[in-house]
Amino acid sequence: MTAISDRRQMAYVAAQAADARVNVELEAEGMTLNIGPQHPATHGTLRIVARLDGEQVIEAEPIMGYMHRGYEKLTEVRTYPQVTTLVNRIDWLGSFCNEVPFILAAEQLMEIEAPPRAQHIRTILFELGRIAHVSLFLGDLGVQLGAVTPVFYAFRDREHVLNQIEAATGGRFHPNFDRIGGVKDDLPAGWIAETRQVLQKLREFCDLIDGLLFGNEIFEARTRGIGVIPADVGLSYGLSGANIRASGVDWDLRRDAPNGLVYDKVDWKVWTHPDGDAYARSWVRLQEVRESCDIVEQLLDTMPPGPIMAKVPRIIKVPEGEAYVATENPLGEMGYYIVSKGGLEPFRVKIRSASFNNMSITPWLLQGAYVPDVITILASLYFILGDIDR
Amino acid sequence: MNALLAVDVPWWGTTIIKSIAVLLVVLLPTGTVVYLYLFKMVSFMQSRLGPMEAGPYGSLQLLAEVGKNLQKEDIFPARADRNVFALAPYIVLVSTMLLAVVVPFGPNAVFTDLDTGIFLALAVSSVSVIGILMAGWASASKYSLLGGLRAAGQLIAYELPLVLAVVGVVIQAGTLNMQQIVYAQIEGEIFGFGGLGLPFVLTQFVGFVIFMIAVQAELTQVPFDMPIAESELVSGYMTEYSGMRFLMFFIGEFATAVIFAFLASVLFLGGWSIPPFVTELLGLEIDSAWFNVIGPIVMLTKMLVLTFIIYWVRFTYPRFREDQLQKFAWKVLIPISLVNIAITGLLKVVL
Amino acid sequence: MIAALSSGALFAQSSMTNTEEWVANGVFYVIAAVALFAAIKMVTTSNVVHAALYLLVVLAVVAAVYILLGAEFAAATQVLVYLGAIMVLLLFGVMLTRAKIGHEDDLDHEQKWIGGLVAVLLMAVMSYSLVDEFDTIELPADRQPQRTQEVADSIFSTFIVPFEAISLLLLAALIGAVVVARRD
Amino acid sequence: MTDTTEVQEEAQVDEAREALLEAITAELGDALVDSHLQPGQDLWIRVSSDSFGDTADYLRERQRFRFFDYLSAIDWLPSPFGRSLDANVDNILNPSDAAEPVAMEQGVAGGETRFQIIARVYSLTTHLGLHVKADVPDDTMTVGTWTGVYPGAEWHERETHEMFGINFAQHPGLRPLYLPGAFEGHPLRKDFPLLARLVKPWPGIVDVEPMPTQDNPEDAA
Amino acid sequence: MFLNQFLLFAAALFCIGVYGVLTRKNGVLMLMSIELILNAVNINLVAFGAYTGTISGQVFALFVIAVAAAEVGVGLAIVLLIYRNRRSIDVSEADLLQG
Amino acid sequence: MGLVESGKLPKSLTTLLNTSRKYSLWVYQWGLACCAIEMGAAFGSPRYDVMRLGVIPLPASPRQADFVCVSGTVTDKMAPAIRRLYEQMPEPKYVISMGSCANCGGPYWDSYSVTKGIDQIIPVDVYVPGCPPRPEALLEGIVLLQEIIQHEDMQEKWNKDPLELGA
């Protein structure tokens, strides 16, 4: 690219060549095992340096930043609509879900409310995003525990959902569909009926996974009682989403703070599990996928007619102020704290991503775990690297 | 062998023929199993197609693998112990091939008719652990070492149920000779009905199940694949291997599955024989030379059925944790197989 | 090691003809040379794992020698117990105690020559007496491989008492090893 | 949501938040410098720099704010590089070339210093969130740590330290979290330049691009 | 085949084993040298068994193998214990009676 | 292997060897960001099923890989690790750079922590554009790579100068 960044790059590569050898060199007392940065278990690029005694972890430290792309800085030099493109890629699996809280926060500052139909579409896409997101987790969980087949089913059935998202938004992966004041387009013809069929397939997928994994004794033996998080500890680490609900905390932002989304018009249930172990976390997620299917189904039934955009100026300037809006994303609470100075671009955006908090418990959680359990625990906490590092 | 060829070959001739035959007996079914199960069956189970481009339906995929690996750079890690590192895959592969020496494929289609047949086979099968330990240690990598140690611990643990499961068969057949075990199954009777012979899977079902479980563990496959647990140890003791040496481990792994399936079909499924009533229908004698042709085919079929089960399990189950795996061997499999032996012995004396 | 095993397997036939006898002799000298070389390397090498691997070669050759001598069952036992169990255990132990790759210096005592002297003297005495006593004695040419059944019969009849004693010993050793190696 | 329900909800929430603010005002005393209440949305309080660390303990133990949300900081310095469509200052390569400096202006709940810590806690019993702000003294750049009360704050404080250069007294280990060891500077400070931008003006400055069919000579160049 | 070729081979292995036991001070290496000696003895037993045409030689070799297994088990346990307590498997250092 | 290095291979054999390499591509999946999921879809999803083409997504270790698919944002912190991974792979090895971020930095072109293109660190054979590219795009990239391999001159590949970077 440019000359400066080129040279900077080269100098950096040279200087860090030694650091890359860290795999072997981090010898302290006992054995040090370095998992990552690129390791099949870490969903990308997390590195965990664990000091071992035999196969037991004495001390584990996650080393992050391999996916740090400087989001909070970049948002300061982009206009609001451009930021939407960017934030899609924070938690890359639940792409649409990333847009929503940002748009909602901006709407709050501009004191605009999206029309009911737009809210409905938002909520449906939000939940479809969750289904696609979490169903991949269910497959991936199998891979981490050694069962390769579930992940293929997950990829297979996830495609159906992605198809629907693509049909509605034009983007299979990063829709960039949410607008301040509404959504970009209306739903295409026949979409609702197709989505119903897809939901049926997804329910079958949930049953499949339920039988294949959760009904397996080895799976239970590997996950029951592993990585137990007491509710109080989890809360003080800021765990959210299914991770904290699996510890028995009945708290879901969809129900408790439905700002701008229409969950209050749907009859649904917040799933919790008292155990707080890896099994509970996985189980809660499985139930949530099922619940999401129900939510979408009901929303499809009650889809109101009407416009999909509120009146918004063509060039968006957000009035001065500060706002924080969080939604219940697939990974947990995701919020944006926007400071606006009345310009075209945010003055400061603090991105409160779920995985960052969810992972901050790992040093505490991994102490005394066995190496194979480390994998189970990491898998069950379910993080996306982009969501940690931003 | 000589009878099959109906020519009088000198002893060195037989030796050469036998050596080539061993290679064929190991490699051809292994190739079949890799293609059929690793590439195709699993793909179908995961609703995919598997390799399709190399040859019709991807049937030449394995040749492509070999051709490619021949060209690959042979990497030695900088701090590795080069000689040991280089030697390890050979030990694994050749010890596997030695196993095939005692397997009978027909009344005369045997390599060596050893008195201690199955005993020697079990003995040799334990040698491959050494290759794995060598690989793990010599790679100078923590993943490899951990993988090697885990593999060794596991193989030691599961060697025991493996041997004990065989003991039941040996007691019932009254011999260690593999050929005699086959004949014992042909001549056996089920409550006076000799039409099916007596495959020992009927009387030694517990032993059969234990044997197959132990085989799964000996192969270090899911649910017992801690040594090469991909999500933890990258690929265990194989992590640092590339090119041909890796291919040797790769083939060795599948060859072991094939050989153990051969052993299991000899021990439990009547080996190369077909049910005696079918033999009668065909108008054949059990010792007829025809069985030197039918036998291998029968063995291949039985082997394919057994390996199918092995790979079915492999691609469906999650894996055990190391301690659960050890517990399972010591607290479940070994006691059960000991009880099985005791009951078999008791019945043998009583009946 | 593998070669030794396979050569053993090759000659595990029924009684030998003259040519086979001759070949067997040749094979013996080759593998014996290999074994001696490996044994010497084993006691001189400066790497523990290498030593274990050299010992492995020796043990495999010994198994092959058993087969040459018609003791098939002993050979199989040798492979099962020594190669499959003892050596794996040793290697396991060696690797658990973090054997280094490369050379280690302090594996030997200072005064190696005493050991060498003792060994050479012993060898001299023994070979003198052996040559003196068994110089031209050949093994019976018509010897048959010893049947496994005979081994079993004699273990469970003639040698039943030592057999029981051995099993008690193994049990005691098992318990002893567990007691010694326990962490608490 | 219809308008009527919203008004009702706002009214309810307001009461709860006001009660909370009253309680906090009464109990924190001098430590509470300022506060801001946005009806129906959120409550901000600003505490003095010295009492920031102790506030965590108070909020968790006395006010039952069990859930730790996040902790970060804001740099109130107007960007020397400025970027705004109408300002047309996007191509400023050197801070000294910048237009006349804009006065620093703090956001809700006020402020006196350039850097301000912002943290959020949440109560699961009342379902209310609370933003806590605190000024960071310009000279020492140090505030108290929250790690003792909310262990989850550890990573957030490390991040803040790395991004803004703010220190947290008695933090167990303020190592860099994201950036490689050789990295210099604190990226989220407003005066941290984005090198790539300095070298090459942003191509996306024109928000509405002409369609490819339109023959635009400027585009071709 | 001559009986002596086996006996001399065994004798040579025996002497090498003796050398090993005398010169090595690493615990595991000593164990290995002892294995060498035991194997030499076994060859003798089997060779004489083949010479006399009786089964006893082989049977005694089997007994020796069993004893060797026991010996290695206990020996290795001791070595590991030494290693755990002293972080070294140098037997010349383990000359104190108390741990 | 010696023959290949010396380059004295008959034409037909070269074709054969190239073909075998072409159809046996073990891929190391260096999945980094959004693209990793699309790569996973290409490799794992039955709809795309990259195994059809002879690409085996098995190896967990770079030592057994023939090509690496770098998909996603490469940060400066990650760059040395990628370089190291590339060095660990045995020759002949190939690189597919998937997605805008790996190609040139993508939407993070102005970020302070993102490497603008992995071709600054390792040589790239095929670039797959998109943010993220659809799995089909990756499949086409793989087919292109297979074409490259089919027409490759092994002598040239073996005798070329070693990669020099940072000079």
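Should a chain be cited, it is by its letter among A, B, C, D, E and F, assigned in written order, with residues numbered from 1 in that chain.
Please note the rule applied: contacts are C-beta pairs under 8 Å (C-beta built on N, C-alpha and C of every residue); 3 or more make two chains touch, one makes a residue touch a chain.
Computed from a predicted model, the values in this text were never measured in an experiment.
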Mutual neighbours - chains that touch chain A and chain B alike: F
Pair of chains with maximal C-beta contact number: C-E
Identity of the chain that, by mean CA position, is farthest from chain C: D
Chain at maximum distance from chain F, centres defined as averaged CA atoms: E
Interchain centroid distance [CA atoms averaged], chain B/chain D, Å: 64
Distance between the centres, which are taken as Cα means, of chain E and chain D, whole angstrom: 74
Averaged-CA centre spacing for the pair chain E and chain C, given as whole angstrom: 9
Whole-Å gap separating chain C and chain D, where each centre is the average of the chain's CA atoms: 75
Numbers and ranges of chain A residues touching at least 2 other chains: 1-2, 5, 12, 16, 19, 40, 65, 68, 70, 73, 77, 152, 156
Multi-partner residues of chain B (at least 2 other chains): 46-48, 230, 234
Chain D: positions in contact with at least two other chains: 178-180, 187, 192, 194-197, 202
Every chain pair in contact, whichever chains are involved: A-B, A-D, A-F, B-C, B-F, C-E, D-F
For the chain D and chain A complex, residues of the former touching the latter: 1, 38, 41-42, 44, 60, 66-70, 72, 74-75, 78-79, 83-86, 105, 107-108, 118, 120, 124, 127, 129, 131, 149-152, 154-156, 163, 176-182, 187-188, 190, 192, 194-200, 202, 204, 207
For the chain F and chain D complex, residues of the former touching the latter: 76-77, 105, 109-113, 116
Complex contact set, residues of chain C against chain E: 21, 24-25, 28-29, 32, 35-36, 39-40, 42-43, 48, 51-52, 55, 58-59, 62, 65-66, 68-71, 73-74, 77-78, 81-82, 85-86, 89-90, 93-94, 96-97, 106-109, 112, 114-116, 118-120, 122-123, 126-127, 130-131, 134-140, 143, 146, 150-151, 154-155, 158-159, 162-163, 166, 169-170, 172-174, 176-178, 180-181, 183
List of chain E residues in touch with chain C within their complex: 1-9, 11-20, 22-26, 28-29, 31-33, 35-36, 39, 42-43, 46-47, 49-51, 53, 55-59, 61-63, 65-74, 76-81, 83-84, 89-90, 92
Residue numbers on chain A that touch chain F, as the complex places them: 1-2, 5-6, 9-10, 12-14, 16-17, 19-21, 37-38, 40, 44-45, 65-70, 73-74, 77, 85-86, 89, 92-93, 95, 136, 151-152, 155-156, 158-159, 172-174, 385-386
